[in-house]
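Scroll down for the structure; my scribbles are underneath it.
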Amino acid sequence: MTTLSRRTLMGAALGTLGAAGLPFRAAQAAGSMTAAVYPGGWDEALRAVLAPALKQAHGVDVAFEPLFAVDQIAKARAARGVAPFDVFVLDPGPRVSGMDLKLFEPFDPARLSNRARLPAGYSDEVGAGVAAQVVGIAYNPKKVARPAGWRDLFKPEFAKHLGLTGFGTTFGTISLIEMAKSVGGSEADMEPLFTELRKILSLVPAVAQPAAMPGLFQQGQIDIMYTNTYTVTLLKSRGVDIEFAVPETGAAAFGTTMHIAKGSRNIDAAYQYIDTMISTPVQAALAAPPYSFVPVNTEVKPGADVPMKSIDDLRSFVTHDWTKINPQRPRWIDRFNREMAK
Amino acid sequence: MARPLQNSAHMLDRTDTPAALAPAAPAGHRLDMDGIRVRYGQATAVDGVTLSVEPGEILALLGPSGCGKTTLLRTVAGFIRPEAGRVLVDGAPIGHLPPGKRGVGIVFQSYALFPHMSAAENVAYGLEARGRPKAEVIRRVEAALAAVRMEGFAARRPRALSGGQQQRVALARALAIEPAILLLDEPFAALDRALRLDLQLEIKRIQRRFGVTAVLVTHDQDEAMSMADRMAVMRGGRVEQVDAPATVYDSPATPFVAGFVGTSNRLHGRVEAREGADYRVRLDVGASVILASPRGFAVGERVLLCARPEHLALRDATAETPESWPARLRISLPLGPALVHDVEAGATELKLHEARHGQPPAPGPVRVALLPTARPALFPAGDDA
Amino acid sequence: MTEQGAWRLALPLALAQAAFFLAPLLLLAATSFATDENLGSLSLAAWADVLGDAFHLQAVLNTLRLGAVTVLATLLLAVPLALLHLVAGPGLRRLILLAAILPLLTSVVVRTFAWIVILGREGVINSALLSTGAIAAPIPLLQTEHGLVLALTQIEMPLMLLPLIAALRRIDPALLDASSALGASLARTLRKVVLPMALPGLLAGCTLVFASASTAFISQSVIGGGRLAYLPMLVWQQAMVVFNWPLAAALALTLMGSVLTVAAALSMLGRRAAHA
Amino acid sequence: MHRLAPADRPLALLILALAVIALLVLVGPVLIVLLTSFTTSQALRFPPPGLTLRWYAELFDPVRSAQIHKAAGNSLLVAFCTAVLSTAMATGAALAIARSRAGWARLAEGAFLAPLVLPGIAFGLAALMFFSWLRQPPSFALLVMGHAMIAAPFALRTVGASAAGLDPALLESSASLGASPWRTFRRVVLPLIMPGVASGGFLAFISSLDNVPVSLFLSSAETDMLPIRLWGMMETSLDVRVAAASGVLVAVAFLLLLLMDRAVGLVRRMAG
């Protein structure tokens, strides 16, 4: 069946609904675009800060589609070349998946006017870094002592308050790798992690979806979890008893990147969108409360809740090579499932 | 053939008041069923029925359940497409017409009144569907309700009406569209016995007044007898006899008809001799009777005699005559002005019907005789299928 | 609308289901037999991974067991409530029906939060039990199968109650009086009169609850947590995180097949009961 | 229960106790959500330290909750279209099934109800894969069709119950009185099955409004759906407006339910 005849077929089937002038026709006019955005805080922040700035600077209207990183990849992949949105926002893991699956348009950093304000290595041929995330341990100071590092999480007094989440997210994967390292493992050898996890598993009060962790934490089901500074700041601002602990081995950091979706018909607008995102006023506004993003623009100072003075500090943080991690992740995910299963 | 069935005059308009009942109405339309056959899968429900209904006549389709009478009615109405045969009104075939264009009014067994509409709305339904002007609809609804004496109930929903009242509304609804043919599908089945006779008379009166040709489906012989001008007795998809009710009763065409219409005492016997136009029959119960019959029988042939309860009489046990036979009275029940005797003669059970005089006789030995005036039906024994 | 032509009325739904439901399913099925989602080449690897793997088979069993246990739990609560409805006056009847519909009106998103609140270590149930001294330390409820079943019982109960109440309403109250007048005990009346008449509704409810509970992805993953392996969660993970679509498709079809088998068995049971 | 024999009392008490527990289980969580929505705390929290209406005020704030309003508008429009479309299709199918005694009707009914037992997440994924294969980007029409597939069986069940109770003689009666099929449908069939249609439409509406798995795959930037937005808000920030939104949804749905109940006996119908 040719593409044309399939289209004709569907056109007939959807004729009444689609052609009837109902709303939500994809906006393809010049000066408009759609961007994926993480649901929740990111969604709110980018709508409040980035969208008006973009409109003002370039006259571009942006529609946001709230999707987690993995959902963006899955959706783009299922769409087979029909870009469901113009710009991705991704963590390193999904970013590597996206590269492997060739979901991105080639990226020319030279088209970013703010490129000079990014640290070296924050823009490349697939996309540009737009924010950073710092991962460490969050705890409830009213319930438990401050954990010194990843190793402490295996101690019974901490383990009985710990909420575990698996390799499904970037911060989960990073944390579990760091926990593995603390008990003698490495990115190449996760066996010590699973051995130690098995010992404390009966004490652990929750093994949950990453998305469920904030709720579990605030309702007192768990008092320790690994997460990023952004979540801690957000929950703290909402009156949750939560503090961020930088592990003795150092917090882990990773960049959040934006990419132009393959097949996008709004490439110019997409560049303008990313460029505006890393511009100094936008980065500064996003770094301030209530959003408290970790900025990547060298002219912007990180907020008080972030354990760093400037973007240069990120170099001292623990980072990971996702091209090595990604091929192993399906196996780890499967292994985690099986180890956790009662 | 576009509009074969509309009555030329507005019947209802002329009979606005119940007082305008009296004279017989205009001649109705003729209905013909010609060789109709209907099959459901393997089963033949109607097997080549040919029947005519004269203008203004009521024809009853009578028979046990499953005999095909309702199927035949639904074929006339247009709900069933026959495998073979034609339905004609005034000589014009109507097989190609949908039910609504056949000029057929139907009163269903359940009345099928629309529960969400008032009586008046129900009656107006068919007129509105025909696109009649509003004023005419109102006028005719009033007239139709008046004709069935339901003027005061126009605004009521069917649920607020009694069974008899619902039936009247259903009749008014069917008549309001001035049908050429009125079909009545067991219209009294859901009614109390006491109500039935009144309504039967009422319907007959209205039918006469409108001069509408009617087909009545029923399994109740009394209903058919009291309502119909002629009745067609059906069995297994075929018509066994079509005649005036009295003829069917007095001269049943088959033992089945004899048994189904009225009560029939079945006595087996053998033709002993021919005596002029009559036959002398030796009954198995031990009597010898002389009978007239339009059929021809050979001497020595086995026959079946179907005698009505009123054809037989009780005699004293001691009064031995050749044309009576011994029996035993089991019980006598008074039934209004009559007495019904339950009698056994050997293995044969008999029912007798006599006028009641004084006390019923005591159970015990008796003799049973065929009244000399009686004309019981005589059939070849093999007919008793 | 003759009887012969009536089937045409079913055409819109039939065509829509063929185009928007059946066709996607067929593609899903085809994907499960391929090496990748582009249907590159034929492979049984995904099915071998589902059917030849103890963990995946265990997940199938877990999922079916969850459905079955939820059915039993809803029965335990829904049947008494339906009986109360049967003997209640009009006011209480209405109240029961409104309560029965209420869970349908609550967003699944917030419902799950409510159950975290109820089942948590410092949640409603534990607080209540602790304050009455029934327990000395919080008992684990969240992230256990018990807790998940309890939550699903609330979420799915309307699906059991509504058909059950509909079936019970057809019982003539005179039958109950007749039964007790004949000297039958309450238990006997329930077993011999009410149960047989309620059976079709009961089985319809069981089918719906089973299907819904065993596929309740959000409740399973948020309330049940990562220690309980159920098929919907695995389908999601393989499709959305691991991007192994053939395996996701095979798991999804396995889930569908298992649920359909049970639903068909229940429906057959229902038909046999109806004829008995 | 006045006619209970003494021997029956323990069983009756047990039934009563279980029924009361059932009511608690049904209503409790909803009450908790409603109570939470009035909390004075900054995040979803139970028990609430104090009660306030501020989250409702914030929810209705046209600026701060503009995205929620847009998503709610989208969801309501999709749910409305879904309800109309799926109920219309289900009504046709229910009438066809009710009017036919043939074997295919039973089979068809089973097939029509099949989506009830399909995990939504699998259907969402399959639908997206299929439509991408047809080179159809997610659109409003596809989203509605996807929702309608899930909603139609719910509608079919309630409309089917009404249609089964329709006396065929009424249809024949209407036909014999000269009404066209369309007139028969409009004047006789529809008024009589209306309660079932309304209940089916209500169920379809609710099931679409609350759908996460299908929306997750088939919605797009233009069709941001309420449950997905609430999901994101709850997960990342425990935003109390989620509870307030839920409170509003329950209140509105409940009001609608009561109104429709008055009109067509909806509550009773939903049990059939």
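As written, the chain order gives the labels A, B, C and D, with residue 1 at the start of each chain.
Operating definition for what follows: a contact is a pair of C-beta atoms (placed from the backbone, for glycine too) under 8 Å apart; a residue touches a chain by one contact, two chains touch by 3 or more.
Note that the coordinates shown come from a computational prediction; the quantities given were computed from them, not determined experimentally.
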| item | value |
| --- | --- |
| Chains in simultaneous contact with chain A and chain C | D |
| Most distant chain from chain B, judged by the mean position of its C-alpha atoms | A |
| Chain nearest the overall Cα centroid | D |
| Selected pair, greater C-beta contact count between C-D and B-D | C-D |
| Centre-of-Cα separation between chain C and chain B, whole angstrom | 57 |
| Centroid distance [mean C-alpha coordinates] between chain D and chain C, Å | 16 |
| Whole-Å gap between the CA centroids of chain A and chain B | 86 |
| Of all residues in chain B, the ones touching two or more other chains | 79 |
| Numbers and ranges of chain A residues touching at least 2 other chains | 71, 74, 78, 211-212, 215, 219 |
| Overlap residues in chain C, where contacts from two or more other chains coincide | 37, 113, 117, 239 |
| Complex contacts: residues of chain A adjacent to chain C | 13, 70-71, 73-74, 77-78, 97, 101, 164-166, 168, 201, 205-209, 211-212, 215-216, 219-221, 329-330, 333-334, 336-338, 340-342 |
| Residue numbers on chain B that touch chain D, as the complex places them | 77-79, 98-102, 104-106, 108-110, 112, 114-116, 125-126, 129-130, 173, 177 |
| Chain D to chain C touching residues, read off their complex | 1, 3-5, 7-8, 11-12, 14-19, 21-23, 25-30, 32-33, 36, 44, 46, 88-90, 92-93, 95-97, 99-100, 104, 108, 110-112, 114-123, 125-127, 129-131, 133, 145-146, 148-149, 152, 156, 161, 171, 175, 181, 184-185, 189, 203, 206, 210, 212-213, 227, 230-231, 234, 242-243, 245-246, 249-250, 253-254, 257, 267-268, 270-272 |
| Chain D - residues contacting chain B, complex | 167, 169-170, 172-180, 183, 187-188, 191-192 |
| In the complex with chain A, residue positions of chain D that touch it | 41-46, 67, 74, 77, 125, 128-129, 131-142, 144-145, 216-217, 219-224, 228-229, 231-239 |
